[in-house]
Amino acid sequence: MSWNSFGRVFRFTTWGESHGPALGAVVDGCPPGLALDESIIQPFLDARRPGQTKFTTQRQEADQVRILSGVFEGNTTGTPISLLIENTDQRSKDYSEIADTYRPGHADWAYDAKYGSRDYRGGGRSSARETAARVAAGAVARLVIPEIAITAYVVEIGGDAIDRAAFDAEEITRNPFWCPDAAAAARWERLVDGARLAGSSLGAVVECVATGVPAGWGAPIYAKLDADLAAAMMGINAVKGVEIGDGFGAARLRGEDNADPMRPGDNAPDFLANHAGGIAGGISTGQPVVCRVAFKPTSSILAPVESVTRSGEATEVRTRGRHDPCVGIRGTPVVAAMMALVLADHKMLHRAQCG
Amino acid sequence: MSWNSFGRVFRFTTWGESHGPALGAVVDGCPPGLALDESIIQPFLDARRPGQTKFTTQRQEADQVRILSGVFEGNTTGTPISLLIENTDQRSKDYSEIADTYRPGHADWAYDAKYGSRDYRGGGRSSARETAARVAAGAVARLVIPEIAITAYVVEIGGDAIDRAAFDAEEITRNPFWCPDAAAAARWERLVDGARLAGSSLGAVVECVATGVPAGWGAPIYAKLDADLAAAMMGINAVKGVEIGDGFGAARLRGEDNADPMRPGDNAPDFLANHAGGIAGGISTGQPVVCRVAFKPTSSILAPVESVTRSGEATEVRTRGRHDPCVGIRGTPVVAAMMALVLADHKMLHRAQCG
Amino acid sequence: MSWNSFGRVFRFTTWGESHGPALGAVVDGCPPGLALDESIIQPFLDARRPGQTKFTTQRQEADQVRILSGVFEGNTTGTPISLLIENTDQRSKDYSEIADTYRPGHADWAYDAKYGSRDYRGGGRSSARETAARVAAGAVARLVIPEIAITAYVVEIGGDAIDRAAFDAEEITRNPFWCPDAAAAARWERLVDGARLAGSSLGAVVECVATGVPAGWGAPIYAKLDADLAAAMMGINAVKGVEIGDGFGAARLRGEDNADPMRPGDNAPDFLANHAGGIAGGISTGQPVVCRVAFKPTSSILAPVESVTRSGEATEVRTRGRHDPCVGIRGTPVVAAMMALVLADHKMLHRAQCG
Amino acid sequence: MSWNSFGRVFRFTTWGESHGPALGAVVDGCPPGLALDESIIQPFLDARRPGQTKFTTQRQEADQVRILSGVFEGNTTGTPISLLIENTDQRSKDYSEIADTYRPGHADWAYDAKYGSRDYRGGGRSSARETAARVAAGAVARLVIPEIAITAYVVEIGGDAIDRAAFDAEEITRNPFWCPDAAAAARWERLVDGARLAGSSLGAVVECVATGVPAGWGAPIYAKLDADLAAAMMGINAVKGVEIGDGFGAARLRGEDNADPMRPGDNAPDFLANHAGGIAGGISTGQPVVCRVAFKPTSSILAPVESVTRSGEATEVRTRGRHDPCVGIRGTPVVAAMMALVLADHKMLHRAQCG
């Protein structure tokens, strides 16, 4: 969890800029003997890949991953797995006009203030393109936790929420919004397309559920499972909020309404509710781990926004480039990847301590 | 950020159980030459100390801190600062009846599932009493960032929110709720007392603002300032949600409403809004850093809740002990401490890289 | 391995100065369910304790350890174990005259150059007294690796080496030098006493062997078992060299003389030699892990040595205080403790990755 | 310092196997604004490159480095620097016969025992080819410490040492042995060639000196500068011993002979000797930092050595492949690189804490 590395025992490091020659991840500490080749990783990258519908950026990237190390004769060896994704559709020229202008809502000013300069081509390192490397790493993490099923989906776009009663897991992959409610998906089609045509953008809330997590993962006090999930999710581009279980809703409940009663079960208690989102005291309870993530609307919009240049003069920024009208949509596979990465690390960390 | 340590260069490790002889923190990596003695730390512990009003637990703890190392002739030496707080009011007997019962909403079952046993006296390591050590460490962290003012306050209890128009910073320390709105504080007095008398409990939302944070702190990608704050806050007992800036509210805004326009300023841009909460791309922008934290209602309530025993039999849990009817209140100084700890670490981390 | 913490999954943090009120260690990540009380740790501290013979410093310290957390009903809980050792014989006055003088060979000047000031009482944090905390932590580490036997002994003092042919493991605890060769021990008695009476000091070489380490511990590339041992040993006060297996002697061998041939064994190869000291490619081979550590002569001597004062004036330093004439002797239990701490960490790290 | 990453604030991660498509390093935490392109790194790789004289392996590798990220318009940006080196001369067939045989002295058995399988092509991850990535990372580290001059050279091969009185720094790059003594270099030519022709191998001792290191770098207790150097050096392939300053020689000196007296200097003491090798209490003193590293003879030799197969049968191993008769020679630039990497990290770590 330092600079560009994440994790304690299952660790990964990402590198690369939006418009450099390539980006990638080095996955370190992976257990040996797991079957792995590019075809196992590629579907996850394809799910995140831009340019597939009109609801996401039209940037075209093949996002083909190559494994450069750590796999021998089809299995992980236990040594670092280097994953490389070449950038193919870079169009650096699109960004020339913003070289000297700070785009509001982007990290342009903050990066410049920190480093004294910045790679302005598409945001450089601050681009959401970095998340492709996480998704690739997350695909490896999933091999470490085959007992766990992770599902991420959008529950709200622009304030329009799904109907929980209409939740249908199979619907999630049937629409371009990862939406589990067919009716909501239909509404969002008009909503997102309207925002796109208006040069505006919309926020979203993504929910992620991991089932099959055994009780006992997570570690007090500063390696709590929920604290790690919070860091993992908040670090995704455009994310401004994270909830576990009932989250902010829990703050409005009375104690008796927030209780998760238990009854005798087979080898573990049966829980009658899951307000806690599967985590108590930072440790998994055996219930589904539930987390919700708030994505702000994309900062790149057509409407002019007041800004300043690097030399401190007033200017206005209007973004005409290729951008996601609702970045939360493509953020959904990233949320799932981060869940997998956190859980893989905690499975191994738990095994280290408790055998 | 591993096990019981937090931070990269300004690091602290906490230890201790609710009902052991003592608890403490070791603060490591602190710059030398900072004036420090117990009297600098004690006021922060006093602010968190239980038993001061009827709105918090009646457990009586002096919470007197002792500095055992790292300070010589009144100044930090750069070597580890060991802080010790003795437990004085332990009443272990209060907890004897729960030795074999898992309290719903607590970490009892999760700890037992992880470790195969647990210190059941007051929750052991999972007790919020551990946060005293963080508050002590946070007092040291504040010495590292004298340019920064940190204020934490409660903005909502049991769903009853303050009126932002009535915000008065001076009011915060005038009522037992850290409430910046006198009228809300008056309402909460009835609300919290009612919950207390009913043996019930209430959730709360705490807001924390740090002003004076210069632009440029934080580091992509996995040491983002907001990601670290999210981890820091989510790791506090009873916290279930964290927001930066507009947080989940941003997910409901359109891009043009979420923009933080900039105008030319003296040495840095003047921002016309702060939806981002002072952080862009994981790096501080120079605006106030704003974060909001959701505390669930205390799980210890008088109403009976179904549960199971360690041997797997059905039982019921009613909690008659001394507990906070709204744990978010005493969590407020803890939130401020974690903000200080994160910022001190990032100031030093930034200095390491960028001089 | 940062500031005052060591280890990855089995981690400990030490704190305290030579002449503060106390010193201690926080052991974190320890597996749960290990039987532990003070009586298990104390014998290791007693072995390192000063003032027991005329061959070590006459400082009298009880070095009684107290466990403040992490143990419940006689077993480790998996939460941090706080170990406290009070300083009882501090005699700060002995050191008043060196407050403004840098003692050659000590860290006085280096600490001052780094921190701008220093705790001059007995070297403060740079005192070898810190190693008591490691020895206490090491006693806990041994519980994690009950399958392993660790023996440390002195093989050379002042250039006078033992006769390997006379090696008798039972002799090690029969003399005040941890010497496995009775004849050498007799010679050293005169040698060390002579140095003591002359106000001089002697260096020593300590060897440490761990048997029972299974093949497979250690991790490429920057968590190699030998690299970790090297860091662990070189970080002990007064240590200037570390060897694994044949060490520098291997640099003088031809390949065919340095080979460790293998023959078929029961479940693993039988090795015909152990030039490698039980580690190949940073990973244990199943043979005994062998390491040797060079201690310089104590810098505190009666002979005057040219030096400078804090204000930059010429002076002379003669040390009349209570000091070890051969610090390597009391360093022997510290070497064994560091071996235990490294192995415990690697056992757990290996379990994390390879199950 | 975990798995395949090294460093705290200046960190690098290496990946890649001897016979995979490529290997590389990700350098993270590098300060921004440092002029960097491939031409700055390449000379260091060329110095380590095989196949240049008959005294090193005849494997031909171009070792051309590519920078894939972290540099924009000729300067470091502060984001991760991805360095890629393709493997061109892999000849996997050479290794086919050892797929089922453990080569004595190599990590074959240890890797197999750890991971349950191994990449047997040239040792896979355990190959010294990994050090190319360190050398590339080290070239970046040097940019962080322009005030420091690092020189590494061979002081002994096969037990034949240089004459210190004949030391000539300019000689080091004039012979294929990095030897500062022309007469020794002449002797070594015959010595090494003789070993090569006999299919034997020789050990070596490499010395590394860093001048210009200011007083104050390094940090007690577990981030001592000498402890980090020890880990860095011991982790290099074939290294079995590390000394700081007089090292094992100090163990044979009396205190008065090991003293480094000080006299008043300009801004710091003038030292009359440097037995300590520029480090006291783990912190630099301002004197040259001196470290010595023992390389064992290459394990790949023509003479048959008893061994076992994976299935546990007796066999014999003779190595006919392309190997270094004295791996310490090519290890010399690696030693210098590790020195640079440790010092860059400590410069930044010191700046973090002490400003």
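As written, the chains take the letters A, B, C and D, and residue 1 is the first residue of each chain.
Definition applied: a residue touches a chain if its C-beta (ideal position, glycine included) is under 8 Å from a C-beta of that chain, and two chains touch if they have at least 3 such contacts.
This one's a predicted model, so the numbers in the text were calculated from it and none came from an experiment.
Annotation of subunit B and subunit C: jointly contacted by A, D, touch as defined at the top. The pair with more inter-chain C-beta contacts, choosing from A-D and C-D, is C-D. For this pair, subunit C with subunit D, the centres built from the Cα atoms lie 26 Å apart.
Look at where the CA atoms of subunit A average out and do the same for subunit C: the two points lie 46 Å apart. Centre-to-centre spacing of subunit A and subunit D amounts to 39 Å, using the average Cα coordinate of each chain. In subunit A, 2-5, 8, 14, 29, 32, 78-79, 114-116, 125, 220, 354 are the positions where the chain touches two or more neighbouring chains simultaneously.
Against subunit D, the residues of subunit B that register as touching in their complex are 8-9, 29-32, 78-79, 220, 348-349, 351-355. Residues 1-6, 8, 14, 102, 104-107, 109-111, 113-116, 123, 125-126, 130, 156, 158-159, 195, 200-205, 214-224, 226-235, 237, 240-248, 250-256, 258-265, 268-269, 272, 275-277, 279-286, 294-301, 303, 305-308, 312-314, 328, 350, 354 of subunit A touch subunit B in their complex.
Residues 2-5, 8, 11, 13-17, 20-24, 26, 28-29, 32-33, 68-70, 72-73, 75, 77-82, 114-119, 121, 124-125 of subunit D touch subunit A in their complex.
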